[in-house]
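The structures considered in this document are given below.
The same chain A turns up in both complexes below, where it pairs with chain B and then with chain C.
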Partner chain A sequence: MARAVTTQHKTIATVAAWIVALLIFFPILYTIITSFKSEQEAIQGFALIPSGTFESYTEVQAQSGYFKFFFNSVLLSVGSTILALLVAIPAAWSMAFSPTKRTKDILMWMLSTKMMPAVAVLFPIYLIFRDTGLLDSRIGLMVMLMLINLPIVVWMLYTYFREIPGEILEAARMDGASLWNEIIYVLTPMAVPGIASTMLLNIILAWNEAFWTIRLTTTDAAPLTAFISSFSSPQGLFWAKLSAASTLAIAPILIMGWFSQKQLVRGLTFGAVK
Partner chain B sequence: MKLRTLTLGLLSASALAFAAHAESITIATVNNGDMVRMQKLTEDFTKANPDIQLNWVTLEENVLRERVTTDIATKGGQYDVMTIGTYEVPIWAKQSWLLPLDKLGDDYDAKDIIPAIAGGLSVDGKLYAAPFYGESSFVMYRKDLMEKAGLKMPDAPTWDFIKQAADKMTDRANGVNGVCLRGKAGWGENMAFLTAMSNSFGARWFDENWKPQFDQPEWKNTLQFYVDLMKADGPEGASSNGFNENLALFQQGKCGMWIDATVAASFVSDPKNSTVADKVGYALAPDNGLGKRGNWLWAWSLAIPAGTKKADAAEKFVSWATSKHYAELVASKEGWANVPPGTRSSLYANAEYQKAAPFAKMTLDSINAADPTHPTVKPVPYVGVQFVAIPEFQGLGTTVGQLFSAALAGQSSVDDALKQAQDAATAAMTEGGYIK
Partner chain C sequence: MATQQTRSLARFMMAPSVVLLFVWMIVPLVITLWFSFQQYNPLNPIRDGFVGFSNYALFYSNPAFLQSILNTLTLVVSVLLITVIGGILLALLIDQPMWGQGIVRILVISPFFVMPPVAALVWKNMIMHPQYGVFADIARFFGAQPIDWFGQHPMTAIIIIVAWQWLPFATLILLTALQSLDGEQKEAAEMDGAGFISRFIYLTLPHMSRAITVVILIQTIFLLSVYAEILVTTNGGPGYASTNLPFLVYQKALLEFKIGQASAGGVIAVILANIVAFFAMRAVGKNLDK
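The block that comes next holds the complex of A and B.
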């Protein structure tokens, strides 16, 4: 009896999970379906079976070369993530292993910067970028993306590092390890899963960032967010082309996410069960 | 042999030096059919000007507006040519943000630009932006449904006729709505339509002293007529319909009439995308016999920001893109029907264009019927037919647009919407220092 209830519960839970997952994924799925329709099919109303034309993809590629934007997206997301880790690992290490009375407040303060609407600082940032010659430069944008995601990276790493017993580090120190050796040979190997999932999440966040990447670039540093934006039109129906552009822009990150989902889930739920 | 090597070396060195001198100009533009076509045809320009390279930045209209405004206000210098509308040109020119276009070349023939359009792009008689394509608004209607209703659309209909025709054409059982109009909130969405419509009802945004006029009977008549018409004969969920939504409805045969941009004519008459391509007729925007029609005037134009360091190259490009030569180039490659409309009188005198574009005459008549410098029945202190060319209008227009959209959706009454619009406009004008 008990087993029957459990099976029933499991089935209900599975079906519910599938429904929720489909609901969440449906807009993306429909975008992909629409990208294989002709423009006329796209406006004709709801239909799940496309005619399977590649017309939109050819036109999107002809209208504005995809690969330049793709290359910038890869460079910006990976570059900003590496920069962020370089800053965040030492920061999280000191907060986790030598906390002071105010560590929690500092963490909260860092997170609070994420609560401000980005547009509030558009002008100051734009002026700084203009005066330092960083407008439309990859380096400038990399630093910007690093700064945006830094609070989340520090928080995630801090949560991971706290899971590592301080005694192990102490033991290493007793054996005469220098600070550098301690971080490289003891802390990092133990924190690799945590660092990996932080990295993945940060790459996804940087890849999808659409406020600054559109506003601080023109041609040279423009990533895929600018590519999608160029297919949106107030006059004229280009839904199939817009869908094709969106599909091309999300495909790489979707594939990467699929292969690394275990790490991602672990990263996002870490410390949740205690 | 040595001499040959030396010559080759010198030649390649000079080629390199030449390439290093090639100037690249960055052009910010919107994504619409005419602009995309231009990007494909730029080889014609770069062949004639090998020392100029073109970089394109295509953005969604609202993002473009925000980007170029930021750039021009901070003199960021990111763009050398900007695509801007009739709303921005007078404001930006007065701020000295744009360079006057006085070196467009001897064969440019600026006098050929349609006067109504040129007027909207000039300040103190100087042209600050060259029109790439111009548009007004007019009535597009289904000839077959009109015939079925036993009516004949006059060339210049009244609003009463539109109401009568819409009532007769509406056939909800078959999914036909008598009339489709913009309802989506936004200064460039429903307020473009409603402001133009209000002109024909004798309404105005402000009196000569900048006092908001939403408490006057003319605005009440406009909004009440619009809401009643849409409730009786408009499509479901009209308060979220903009240009694209109505275009889709019309192309699928779900609208008897649609009053919107003249540029839509080329979409609805295109058999590739429209199921009603051979059944569309055109008429001037309606009026109420007060001397003004409910049509607007807009031109996507190319302007050069004052912050550019490549003004000469930029002006060369602007001249090419808006020239008679460009119209001929498009015609030779893609046919006359695809030439950007609404900018040059000579295009409308061209017999081949008239043959290829059945809506040509009505488009020109509509453009000529709009007067941005005297848009309303009563006098006003502002320029602009479907907008008020002051910096405050973007924000205020969208706020009022939201109020009117809510009235259309039935969330508030016409009287409430007008009262709130009056309050919002009074607050914005007071804050802007126009009134005390």
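The block that comes next holds the complex of A and C.
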């Protein structure tokens, strides 16, 4: 930018942007603050300085076994992501490197499955899960989350793989590399960044999925989304505890999200905006 | 290089994804379609059987149905308006030279990573609660009567919560598009004497149009199926005031066990989504060619 920016302009922009940003962030900030208050403090009116007690955190674990839900969330989001990658990598690979006339149609069709409203298949899925004993099982939900996110995973991998120059593969083949060597020494190193980004985005999406995770679980497989939803029943005012549970539920994904802004744009726009 | 062998290998590699998605899409949908023409109640198995279109008629004559369609569309359109216009303004603001731009970005994008039940509960209890919420504190500070958001304005309250979740998404994507705008073009326009407004209309907005399209399409997909936010705040009420189509289908299927009607509602949801998808696919497909 050759254009000189006046300090005045920069000051105004800074002040305005910070005010808006803090307003948008406020509900999260206030939740974190409230989580360090006692229950009485939490309902005593607006206050930004908490007494700094950790009692809500210890109580959330003691009363409701918070870490079981946390563990389920980790298991479901990471497990479903790995499953999705196992299925999607070969597909995206072949579409990127040996595209046919139908490749584009297949991609569009995959995307269209994402548009099917979940409620439309709620009862059939519920029946299938019930009759196969998959209701409230981690495996069943893992497969479910894998299926939901599979189109996005295939798409995202495809946009990354397409950027790997095909000539490199041909060169390796000319040099007599076997298919196996080609995959391990040539392709994998170039594909790892794309796969890692896809993984990150998918974990975030699976972690926050809040329809199937709530409806298909009761206790054993219930992740944090179901746990937090149980706070909605009016059992009294436990806001400090709710805040502590919420803070713990969003913290890991918030931090991951901050690092994956670019991948997020690319993944959620199916490569249309980079 | 596409020999017969590599082509069959490619098919083999694609098969698992295609088969899985095909089964996942077709099997439950066929079951739903079948149930939508049946009288079926798991609690009362005597009166089962084919009933033609009467489930659709029942669902249609239910006063909650029209209300839920209206609420679904209100939610989608309002949130789209707020997030797209707000997102453009925010993106323009954050794109200005400033101190701490990285932190501002992080603060603004954060709500997107908050899981829906947490977002809804935090807003319900700590921000909008008529007695202890921050809004009530502010109202009392100015001597006004605090608003009972979920009792009196349930749709408005849900729209605010959902817009808060999606504004960051719109902002992030529009900001990304904005930052890819050629700086030299901007300078050239400035030298030619174009003011901020005309630069925005003739240069920035056309450049962002593709990103705006994508934001609208992606958000519509997700906004058509808002569920958890309603479940933990109003539970669809008072009455059916904040029930959208997904929530109505859930109520019919899993609370009232009126499977036939719920399935009819599900089929209607699919048709609604398909109308939207038709436009979505065309636009995204066009972007693929570029």
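Note that the second predicted complex is superposed on the first by the 212 of 274 C-alpha atoms of A that agree within 3 Å, B and C clash if a C-alpha of one lies under 4 Å from a C-alpha of the other, contacts with A are read in each partner's own complex, and residues count from 1 in each chain.
Keep this in mind: contacts are C-beta pairs under 8 Å (C-beta built on N, C-alpha and C of every residue); 3 or more make two chains touch, one makes a residue touch a chain.
Given the structure is predicted, the values throughout are model-derived calculations rather than measurements.
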Q) Any idea whether chain B or chain C touches more of chain A? A) C
Q. After superposition on the shared chain, which partner residues are touched by A:S229: those of chain B (first), chain C (second), both, or neither?
A. both
Q: Go through the superposed model and pick first if A:A16 touches only chain B, second if only chain C, both, or neither.
A: second
Q. Just chain B (first), just chain C (second), both, or neither: which does A:W180 touch?
A. neither
Q. Once the shared chain is lined up, is A:I43 touching chain B (first), chain C (second), both, or neither of them?
A. both
Q: Applying the touch criterion given at the start, work out whether A:L122 contacts chain B, chain C, both or neither, answering first, second, both or neither.
A: both
Q) After superposition on the shared chain, which partner residues are touched by A:F67: those of chain B (first), chain C (second), both, or neither? A) neither
Q.
By the touch definition at the top of the document, which applies to A:W207: first (chain B), second (chain C), both, or neither?
A. second
Q) Now for A:T218: first (chain B), second (chain C), both, or neither, which partner does it touch? A) first
Q: Residue by residue on chain A, keep only those touching chain B in one complex and chain C in the other, then list them.
A: 43, 45, 122-123, 126-127, 214-215, 229, 231-232, 237
**Q.** Touch list for chain B against partner chain A, complex
**A.** 26, 28, 30-33, 36, 39, 55-63, 66-67, 70, 74-79, 188, 242-244, 247-248, 251-252, 261, 263-264, 267, 272-273
(Q) Under the definition above, what is the set of chain C residues touching chain A in their complex? (A) 1-2, 6-7, 9-11, 13-14, 16-18, 20-21, 24-25, 27-29, 31-32, 35, 90, 93-94, 96-101, 103-127, 132, 134, 137, 164, 167-169, 172-173, 176-177, 180, 183, 187, 190, 210-211, 214, 218, 221, 224-225, 227-228, 231-233, 235, 245-246, 249-250, 253-254, 259, 262-263, 265-267, 269-270, 272-274, 276-277, 280-281, 284-285, 287-288
(Q) So in the complex, the part of chain A that touches chain B is made up of which residues? (A) 39-40, 43-45, 63-64, 122-123, 126-127, 130, 135-136, 214-215, 218-219, 222, 226, 229-238
Q) Mind pulling up the chain A residues that touch chain C in the complex? A) 1-3, 5, 9-10, 13-14, 16-18, 20-22, 24-25, 27-28, 30-31, 34, 43, 45-46, 87-88, 90-91, 93-95, 98, 100, 104, 106-108, 110-128, 147, 150-151, 154, 170, 204, 207-208, 210-211, 214-215, 224-225, 228-229, 231-232, 237, 239, 242-243, 246, 249-250, 253-254, 256-258, 261-262, 264-265, 268-270, 272-274
